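In the two assemblies presented below, chain A is common to both, partnered first by chain B and then by chain C.
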Partner chain A sequence: MAAARKLVARGGLAGKILLFLFFISLFAEFFVPYGYNDVRFDLSYAPAVVPRITGSGIVVPVLEQVDPVSRSYRYVPGKISRVHFFCSGDRYRLLGVFLSDRHLICADAPGRISFLGSDALGRDLFSRLMIGMRLSFLLSFFGVAISFMVGVTAGLVSGYRGGWVDSVIMRTGEVFMAIPSLYLLMGFRALFPPGIPSGEAALVITGALALVGWASLARVIRGVTMSLVKEDYIMAAKSSGARPAEIFTKHLLPNMSPYLVVAVTLSVPGFIVGEAGLSFLGLGIAPPHPSLGNMLADAQSLTVIRTAPWLLMSGLLVVVLVLLFNRLGDHIRESE
Partner chain B sequence: MIVSWPSFVKRTAFVFLMAMALSGCSRGAVASLHLAPRNPVTGGHLSMDILSDPKTFNPALASETSSTQILGYLFRGLTRESPEDGSVKPDLATRWRVSHGGKRVTFFLSRHLKWSDGAPLDGRDVLFTYRDVYNNPKVATPIRGLLTVSGKPIQVSLKDDYTVVFETSVPFAPLLEELGAEILPRHILAPAVSAGKFNQSWSIREDPRHIVGSGPFMMTRYVPGQIVSLVVNPHYTPPPGLQPSPGCPLPCLSSIDLRIVGDANSQLVRFLAGKGDLYGVSPNEMSLLKPAAHRAAFTLFTRGPGLSESFLTFNQNPRSPVASYKRAWFMSRKFREAIAWSIDRKAMISIVENGMGEPIYGPVSPSVKAFYHKTYPVYRHDPEKARTLLREDGFRLKSGRLFDASGHAVEIVLLTNVESPQRMLMAQIVQSNLREVGIKVRVVGLQFNMLATNVMTSFNWEMLLFGLTGVTDPHGDAAVWKSSGFLHLWNPREKTPQEPWEARIDSLFEQGSLEMNPEKRKKIYDKWQEIAHYELPMVDLVTPDGITAVRKTLGGIRPSPLGGVVPHITQVFQKARIVHS
Partner chain C sequence: MIRKVLIRLLNLIPVLIGISFLSFLLMRLSPGDFLSQMSLNPQVSPEIIAKLRSLYGLDQPLPVQYFRWVEALLRGEFGYSFSYHVKVTDLILSRVPNTLLLAVSSVILSWGLAIPLAIRGAMFPNGFLDRTLTGMSYLSIAIPSFFLAILGVLLAGETGWFPIGGASSPGVPEGSWWPVFLDRLHHLILPALTLALGSIGVLYRLMKSSVMEVMGKPWMTAARARGLSPALLRRRYLFRNAINPLITIFGFELGGLLSGAAFTEMVYGWPGMGRLMLHAVMSQDLYLVMGGIMTGAVMLLSGNMIADTFLWFLDPRVREEE
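And then the complex of A and B:
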């Protein structure tokens, strides 16, 4: 908890933005106007419709398709819908538990609020992005947690014991690092049937990412451990009969915690991009469940980019998240 | 960062660059092209992009379009199919006579035919092709199946060097169409057949100049991954009745280049930049192509609904590992009918095909006028009707979810192939359509090979969204509709028909192939369409309009619903040339 508070305090602007985005995405269903699979077949690739303030309050104009071939839309003249706040709309489960139908913002039918535009099936891109972003956050946090547990344990044991234990652990890690990570991920993914439900797929991806991520961390932790072990206070602890577990938790980990915090923040982007990459290739989260990767995959063809360039927003969001996490890591390192 | 993602980053970067190029400075992306007159009209050059390398240069072994498209310029058969109405026209044979109640066809060959190396082409080549190649059990050719009538191969014999006789044990209506198969040069390939090496001959490693054919063009160059070059065959004799384009011999073009461009996006960009003369347009590309037509000097020909169609089908196979209660749903006709009423085909056309397509409700495409049965009713989007049918069938709706009589929630896995974004979209439309009637569908996109294994070999699938290229003669659908057929997807290669209606369709296909009178034949296939429409083993969805973009310099173009825009490659010519500005 103290570490988390320290993290927030030292995170700077990037940390605050990330915290804000994480909060929004965690309660995404409340903050966004529509569900992730709320299809509107008549609004395929419809452009953004943003609420505007008029004399009669906040309203949205109503869109209508003019021509399906060119995907052109127009505002129905004289037709507007009122916008409400804290209104009831689609039903959802907040955090997967609490049943609710409250939304921060919604529009009366037939109007539709769409901050970023719609995808091929007329689903609101903004809603899908926020819900997909939550998946990216959670997946990378879980993945980082697992790879850290494995990586830190392996590194500590390896560096502390040395000898053949060190050789076995390090050589195993090098095998994982030697294989290009994308192929390792795809190979691991292939161990599971292709048609597993999205929830399970998310777990598999997390596992795969952790599998890829632990080795490089273990190497660094081993190096730090080896140099710390030679310090006098470790020698003193050893000679006074402390068990290895005590030495790990009381002496080694606290001394390398600054490094660990930086390493955590800097490894998160790898997981975000990893999920996006797998889903982009059709090996991760399957539609209709949104993920930053599979939404970007929708924007692969030239024609889609031309008709609905806003679908690239998911790629932009990946870039923004990665930059923010890198900035956060740098900031923490600088403030150490 | 722990992991690096070169390919992903590259693709993302590509996508962003494309976006900037297209949305930011869209005018710069499309070249501005002008036409300049060209003299003389003859001897032009045609260039096209193809998606993948040929797999073989041997027409008897070729089965995918990447090979057959090229070989179509190099080889000919005894007959050819008219692109206008699918009727049979003479090609190498000048005429034929049907006798013995349809059991014997005698073909008469022209006396001046030559192979592209100058050797004479006569009945002995035809005999060699059919007897030693297509009917040879050691040759791995897909054509043999088509030439087998009632389990017996067609008998071929020579009356003289220019007269070939084909005999079947029973009358076989589609015989003339099937005899369009390519004729092969005996003087080149006979040694390979007798040495038992035919299956390895004329592979893509063969020197392209050694491929000897009788078509209007011959191959001069093949660079894997880059280009296939063809030049005119000096020994070509045009088929009788083919009109040359004014002021031009047959063939009019002097060369064709087929450039191998493995990515559909790159092909599109190349075409917009003035490279290539013909481009097969998928309806969703219309939003990009239509506004660019004038600037990039091409015309878009919309030919109406094509032959290819997409459909849903259900696993009814007792040999499959699918749970028996699920199979019981799929075996129920009312359940399948309910699905047919739930689908919003209009939305599919508007979303997936940019509004350019037709809904289809039966196994024959409306473009096949000779056999299309118009009278059957259409399955509109009617979830209420679907719910009624499901209720009658013993299903119950509980708080929006459907349960069967024994209390199982109706949840179905829908497979489709992930390479096709159109099918992935259609699958998601099906998913939300079926949600309206309480059925939960999970869409799973698989790589094509994995999908084929699941569907055809392990039978481990529940519902499938797929597409097939249709055929003009219903007999070509026998592999799909006969219960013994390998493409009888819902229950392939049955020993005996599982359902009485499958037995009826089997016997209708048998009758249809024996009946020589076109009107009676149509009646037989009408009955099949009625059964198919009622029993719905396949729920037909939509067919996209066939659209081709043709550079304005090209002459000899005539759009037809069945055969694209080129009625015969020999009639195509370049009437102008492109000037970039």
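And then the complex of A and C:
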């Protein structure tokens, strides 16, 4: 816990923003006005409708479709809906467990709050973005955890044992690094049928990304281990009969932890972009479940971008998340 | 030199065997293949399926299948594509030049832009140019290639400056090479630029810090004190010393570049390896996926070899080590 607090304190602004975004996305269903699959065909590509403060309280204007072909909308003159806070709306399960229908913000019946606009099926883009962002966070955290467990173990064993064990592990790593990552990802993805459900797809992607990422980490950890093993205190531990597992956990890992923290942070963006990329290609999370990648795939045609430029927001969010994680990593490294 | 290249090539053999084994394993572990999909089709009788199965050797035990595949690989035969109904070798050979063209032009663009800019930026660190470029390099590193490609499509659509889709336009007269070349170039610019912009950030930062390090060396001061002109100093001494780390990371960069190229190809409809791979994965086209992985790995490994050779020629210290 103390370590976590230290990390937050050392994270700087980028760390605080990320923590905030993670918190929001974790309880996304509460913070956003609508569910991720709240389809409204009459609001296809509807523009953003933001609450405004008037004399009679906070209200939203009511949007009405003028032409379903050109998807043009207008405000119904004189018609407004009141905005409420901590109100009841779509039902959901908070953290996947607690049944609830409370939302931070919602509008009375004909009105609709839409901070960023709607997608082709009239679903609220903001709500979907926040829920998609949670997937990005969780998936990359799990993926990083797996690839670190494998990579660090392989690197430690390889660097500590040396000899043929080292050769085998390093040659295996080279095989994984010699294949361009997207080719390897696609190859791994081909193990599973194209249209698997989103839950399984998330697991598959996590595994695939971890498979791609472990080798380069193992290589670096091996190098660090080899230089640490020559240190006197490791020699002392060895000669006093400490088992390798003890040396790993008591001496080697704590000594490389500053490096590990930075490496963890800087490897998260790869997972975020990897998930988004695979989902973008239709090999990852399948709609209606939102992911930053499959939402961006909706914005591939020029006509769609012209009608609803806000669909590019999911791509922008990926860029922002990657920037923040890179900044966080740099910040931790500099504050060492 | 020749001995060194030979040793390197020999070292590649276990890696190539590993890659072939991995790609074979990936494909054979998958629950369905093209034939099991075909067997759902009521028009295809089970006898035909069984016949095809034995024709492709799919009824043999796994080790036998693997060795048959590797043996065919050594003859340059990657197998048969079930979904395109042509030989995988022909398919791959028709796509690889396009991917290489895209990757090489993007390398020329990104290095051609990043190196002069980095030298200029390193001359005046924290100046206006350096600060702008450093800020942009953060963005260049953070922006995924597929998002950049979508923005490129948007640019092309709004301005009409670039054609979208494919690698050539219909109606360009065959035979005369000049219009064909121009048309090709016109199609190439935007994808290559997209790819280059994604890698320019890393290159700029690396080259800048390397140039600054070299500029601080005592021999640079000595050369300057002897009155060498700044232009000569930059060209002959600074550049050749500072380029080293850039070539060293070329191998890593190439891996990202080939993946990025695949995304770029898919968004722009550029007929390269990446698009072929995606199609192969979508239709569970066994031999095509295996061949694609092998080809990707061979491209990456050859890129590494070329970079090492360059380094050997450029840097006497590397030659000394032997």
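Details
Heads up, the rule we're going with is that the second predicted complex is superposed on the first by the 334 of 336 C-alpha atoms of A that agree within 3 Å, B and C clash if a C-alpha of one lies under 4 Å from a C-alpha of the other, contacts with A are read in each partner's own complex, and residues count from 1 in each chain.
As a convention for this text, a contact is a pair of C-beta atoms (placed from the backbone, for glycine too) under 8 Å apart; a residue touches a chain by one contact, two chains touch by 3 or more.
This one's a predicted model, so the numbers in the text were calculated from it and none came from an experiment.
In the superposition on chain A, contact is made by A:121 with chain B only, not with chain C. In the superposed pair of complexes, A:179 makes contact with chain C only, with no contact to chain B.
In the superposition on chain A, A:192 makes contact with chain C only, while chain B stays out of contact range.
Once chain A of one complex is fitted onto chain A of the other, the partner contacts of A:312 extend to both chain B and chain C. Using the contact criterion defined above for the overlaid structures, shared-chain residue A:273 touches chain B and also reaches chain C. Residue contacts after overlaying the shared chain place A:300 against chain B and chain C alike.
Overlap of the chain B and chain C interfaces on chain A comprises residues 181-182, 194, 269, 273, 276-277, 280, 282, 296, 299-300, 302, 305-306, 312, 315, 318-319. Across the complex, chain A meets chain B through its residues 37, 39, 41-42, 44, 65, 67-71, 120-122, 147, 181-182, 194-195, 197, 209, 212-213, 216-217, 266-267, 269-271, 273-274, 276-277, 280, 282, 286-288, 296, 298-303, 305-307, 309, 312, 315, 318-319.
Against chain A, the residues of chain C that register as touching in their complex are 14-15, 18-19, 22-23, 26-27, 29-32, 138-139, 141-144, 146-147, 150-151, 153-154, 157, 164, 255-256, 258-259, 262-263, 266-267, 274, 277-278, 280-282, 284, 289-290, 292-293, 296-297, 299-301. Residues of chain A touching chain C in their complex: 171-172, 174-184, 186-194, 269, 273, 276-277, 280-283, 296, 299-300, 302, 305-306, 312, 315-316, 318-319, 322-323, 326-327.
Listed in rising order, the residues of chain B touching chain A in the complex are 1-5, 7-9, 11-12, 15-16, 18-19, 22-23, 26, 264-265, 268-269, 284-288, 290-291, 344, 347, 350-351, 354-356, 413, 415, 418, 421, 424-425, 428-429, 431-432, 442-447, 450.
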